[in-house]
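Below are the structure tokens for one structure; questions will follow.
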Amino acid sequence: MNSIPDNDSFILRLSCKDSIGLVSEVARFLSDRRLFITESANFGDPATGLFFYRVKFIPESNAFSRSNFSSEFEPVAKKWGMDWELRDAKVKPNVVILVSKGDHCLNDLLYRHRTGALNINISAIISNHLTCGWLAERHDVPYYHVPVNKDNKPQAEERMLDVIEDVKADLVVLARYMQVLSDDMCRKLEGRCINIHHSFLPSFKGAKPYHQAFDRGVKLVGATAHYVTPDLDEGPIISQAVEPADHRLTAEDMAALGRDTEARVLARAVKLHTEGRIFSNQNKTVVFG
Amino acid sequence: MNSIPDNDSFILRLSCKDSIGLVSEVARFLSDRRLFITESANFGDPATGLFFYRVKFIPESNAFSRSNFSSEFEPVAKKWGMDWELRDAKVKPNVVILVSKGDHCLNDLLYRHRTGALNINISAIISNHLTCGWLAERHDVPYYHVPVNKDNKPQAEERMLDVIEDVKADLVVLARYMQVLSDDMCRKLEGRCINIHHSFLPSFKGAKPYHQAFDRGVKLVGATAHYVTPDLDEGPIISQAVEPADHRLTAEDMAALGRDTEARVLARAVKLHTEGRIFSNQNKTVVFG
Amino acid sequence: MNSIPDNDSFILRLSCKDSIGLVSEVARFLSDRRLFITESANFGDPATGLFFYRVKFIPESNAFSRSNFSSEFEPVAKKWGMDWELRDAKVKPNVVILVSKGDHCLNDLLYRHRTGALNINISAIISNHLTCGWLAERHDVPYYHVPVNKDNKPQAEERMLDVIEDVKADLVVLARYMQVLSDDMCRKLEGRCINIHHSFLPSFKGAKPYHQAFDRGVKLVGATAHYVTPDLDEGPIISQAVEPADHRLTAEDMAALGRDTEARVLARAVKLHTEGRIFSNQNKTVVFG
Amino acid sequence: MNSIPDNDSFILRLSCKDSIGLVSEVARFLSDRRLFITESANFGDPATGLFFYRVKFIPESNAFSRSNFSSEFEPVAKKWGMDWELRDAKVKPNVVILVSKGDHCLNDLLYRHRTGALNINISAIISNHLTCGWLAERHDVPYYHVPVNKDNKPQAEERMLDVIEDVKADLVVLARYMQVLSDDMCRKLEGRCINIHHSFLPSFKGAKPYHQAFDRGVKLVGATAHYVTPDLDEGPIISQAVEPADHRLTAEDMAALGRDTEARVLARAVKLHTEGRIFSNQNKTVVFG
């Protein structure tokens, strides 16, 4: 038996108050409709009392209808108070990437997109600089140059939000975008905006983390992908990684060393999010890796 | 809500041919009996067509009876052709440790046992040397000195098997036991005997792996915990880890460097096995970590 | 040719203002006296303008005299303004370990000491509790029970310093010693007192770092060995490591997971220090690993 | 004092029989000529009796002449029987990349070349397929399409060697080039041809290593960069890394997972080689990282 193509799969995601019988009811719902579970993960958090469930299934029959499923599942969801969604795995999420001058994360995302390692549409690239325009062009992605300065920030964000809305973005990725988003914009993108911070958070929040790391003399440098919230660098953490450092490295060396880590950690977070593997759990994440 | 003590938990483990409705039926069986699932993991292997399920639950009522559960579950198991078992999480598995002279893995297991990191009974230590006797004594574990030579191997193994049987061992751990077990003994312990091999298998099978690693000039040295089978160092792999090495290390340095890794990898495998997290899947393992 | 026993080796450590000709002069000094270099490392820090040099050598002749070396090297050292010392590698440094109730780091250090992985004398164990007394006894190390409370802190520290002085401690190790040392005691032990902090500093300074890590939802938990200074958890970092964590771990699970990391990181720092591989470089370390 | 630009640096590399006075003589040679050492590393291998030395220096004066240095150093080198070379750090090594269809390593090398992370010229890309031509074009690197089949292998290799000679290649990189080179070609490129093998050698030599890894059920998958010799996958190892794997991964998943590791390991090996940090030591490498 070969590996089953995602094209035929659907993903059901739900969360609600934890309780006996949840898995049973959902699993029965699926098996009664001859929907074959190929992957499932669940977690009941004793700290918050919440339950999270992600299940991927393939309908035995070609006649499967998403809207039928939804109308039948709605009463179940209501009974348990579920937040839920059903995704068609063959529909690629729309992603908008924001970037400033440093292009290592952007390049990495474009490459993984091209090879299919990331199953997404890159719908637009927005930048406050012209630097990365050629990369966008080579990959045939629309590039929006939206300069930001003290005076035009609200208008600039307005314009970015227009683009994000126009392409129906499922996810906005800050791939080394060096402007702080306004509280308002953060709130509008809550739960669908991922930033890569170039340190092992909560160490070295804010500006120039590699210089902070150099000054502190740490022996590992890291990167953190997290959801963006109005609290700068305080949003729920998705993924982190570190690399060894030592006394021979300047702050610039650390930055160079960290670029690979940043790109990998961000790509991992984008993959997890767009595959529906992440749930928000108050100020944390549940990640079914 | 605090973390639930294991004392109240039970673990259901099962495997069978994969099919629609398995999770549903088991989950319903549990919820119908008001058994609260606190942890569950399953995997359907497309390569072998087998399905593996481990679920941990807490009965809502104190009146839960293991034998009632078993007689009620038996028809379900029969219907699907399941291999299955129900474990009481508060019953500690009996472990017998075999060791030769090098005591780093033994010391580590004894320490983790003492602190409760490993929830096991260490029922006996068997060695072909007297070297580790003092450690056994300090931890109040019976120590059986069973010398092995060309002439007495069958008798020596007989004696070891007697001890293993007497203490009703659920697991036998070769914690740097430097004798090759006979095919017969391997078969008698199949599925419940774990060895630590001091290389990243399948590299450097057989004797003196660190010397082999030194001769080959590898840049990482590793350790592998695996189930013992009659094929030397070919049994299903449970856990592996590596450490960086470089040209400055002698074979002896590599051996010293590797000791920590060996101890950690072996302890991890013992923990996974005794918590019922490992399934055999032909010549491989499914590990619900 | 076999690996050369440390017994015949000497270690020269020096630091001074960086300048052309330093390596040349020291290397010539050694070769003129037929002292065979078996290991050397140096680093000139462009940020501080300081130069650090560690060289290990074996005299060709048995007639080597440390005091002759010293009187001959002194003019060289003076000329360049060196801080320097010559160590006989066969003389084991004296180490005093401070511990409270958690014994995983202590047990690890005692084990490595016993097997020779750490080439040190453990001269004394001091604790504010009786809990670890049995471990000290088993390893035949004097155990000093020095309870600390609000009222007796100065006297308690006095008593500890007496022990440290009596045994001529080259290094004091805080192996999960849960009392904050006074500024005065920190200063008295400056450069020869290593603490293990159970987080990836500078994240989660102060008390209960695993609970802080849990609350923040980090995806890696770590440990940091650093020199103790009057600024709590701010001293020069020696070594750090991390382990992956996820949403399933409670704060207690994280603490359990972190214990191995703490023990390894601390043992590594003790090894580096007692082999003379660490130099202080303002608020950082230079580590010749 | 800022970090010193490489443009002003020179690198002296040498190896010879180990002996007292080597470091001293070389260091004196440099300091007598007012050449400021900014980085140095040496290693005497007790197993082979060989000594390796790499030293990077900056002349105090602008009048430094490489040919003067050489004629003055030659007698020293002769006296000790040194293999040696002097490199001007601002001269970028010429690199030729061979690739088949999989472009992840090629893309990574091109990206690092563009950003300056690899200080090299990519002089040519040679492929037995047309697949990667567009990448070459985008980065303005000449692309040679040299198909290989049973009948034309000698001619094809002839043509490739012509290109390699024409561009005066200092290094040939097999960036997932899926043809086995002839013994003759291996010998012609000895010491300057690096291959990336997609397994943790010596495990899984030869074809389809991820399938071999899948069949064996390993829990880590790896990659190895090594010098090419006529013995397939047996050349001196330069760099290795691994990533965790588990039962859920198909062979294809492992291959996808491994791509990042391959690209990183190969880029690291190319960087080490082109910075003159690797010495051959019989069938192993000495790497000054």
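We call the chains A, B, C and D, going by the order they appear; numbering starts again at 1 in every chain.
In the analysis below, contacts are C-beta pairs under 8 Å (C-beta built on N, C-alpha and C of every residue); 3 or more make two chains touch, one makes a residue touch a chain.
Molecules present, by chain and UniProt name: A, B, C, D = Formyltetrahydrofolate deformylase.
Worth saying up front: this structure is predicted, and the values here are computed from it rather than measured.
Engineer: Identify the chains adjacent to both chain A and chain C in the sense defined at the top.
Structural biologist: B, D
Engineer: Would you mind telling me which chain pair, C-D or B-D, is linked by more contacting C-beta pairs?
Structural biologist: Higher contact count goes to B-D.
Engineer: Measure off the straight-line distance from the CA centroid of chain C to the CA centroid of chain D, and report it in whole Å.
Structural biologist: Using C-alpha averages as centres, the distance is 37 Å.
Engineer: How many angstrom between the C-alpha centroids of chain D and chain B?
Structural biologist: Each chain reduced to its C-alpha mean, chain B and chain D end up 42 Å apart.
Engineer: Give the residues of chain A touching no fewer than two other chains, as numbers and ranges.
Structural biologist: Answer for chain A, listing residues that touch two or more other chains: 3, 46-47, 250.
Engineer: Which of the residues in chain D end up touching chain B in this complex?
Structural biologist: Interface residues on the chain D side: 43, 45-47, 200-204, 216-220, 222, 236-242, 246-248, 250, 281, 283-287, 289.
Engineer: So in the complex, the part of chain D that touches chain C is made up of which residues?
Structural biologist: Interface residues on chain D, with respect to chain C: 1-4, 20-21, 23-25, 27-28, 30-32, 34-38, 40-42, 44, 46-47, 49, 60.
Engineer: Any idea which chain D residues touch chain A in the complex?
Structural biologist: 3, 103-104, 107, 111, 115, 117, 138, 250, 252, 256, 259-260, 264
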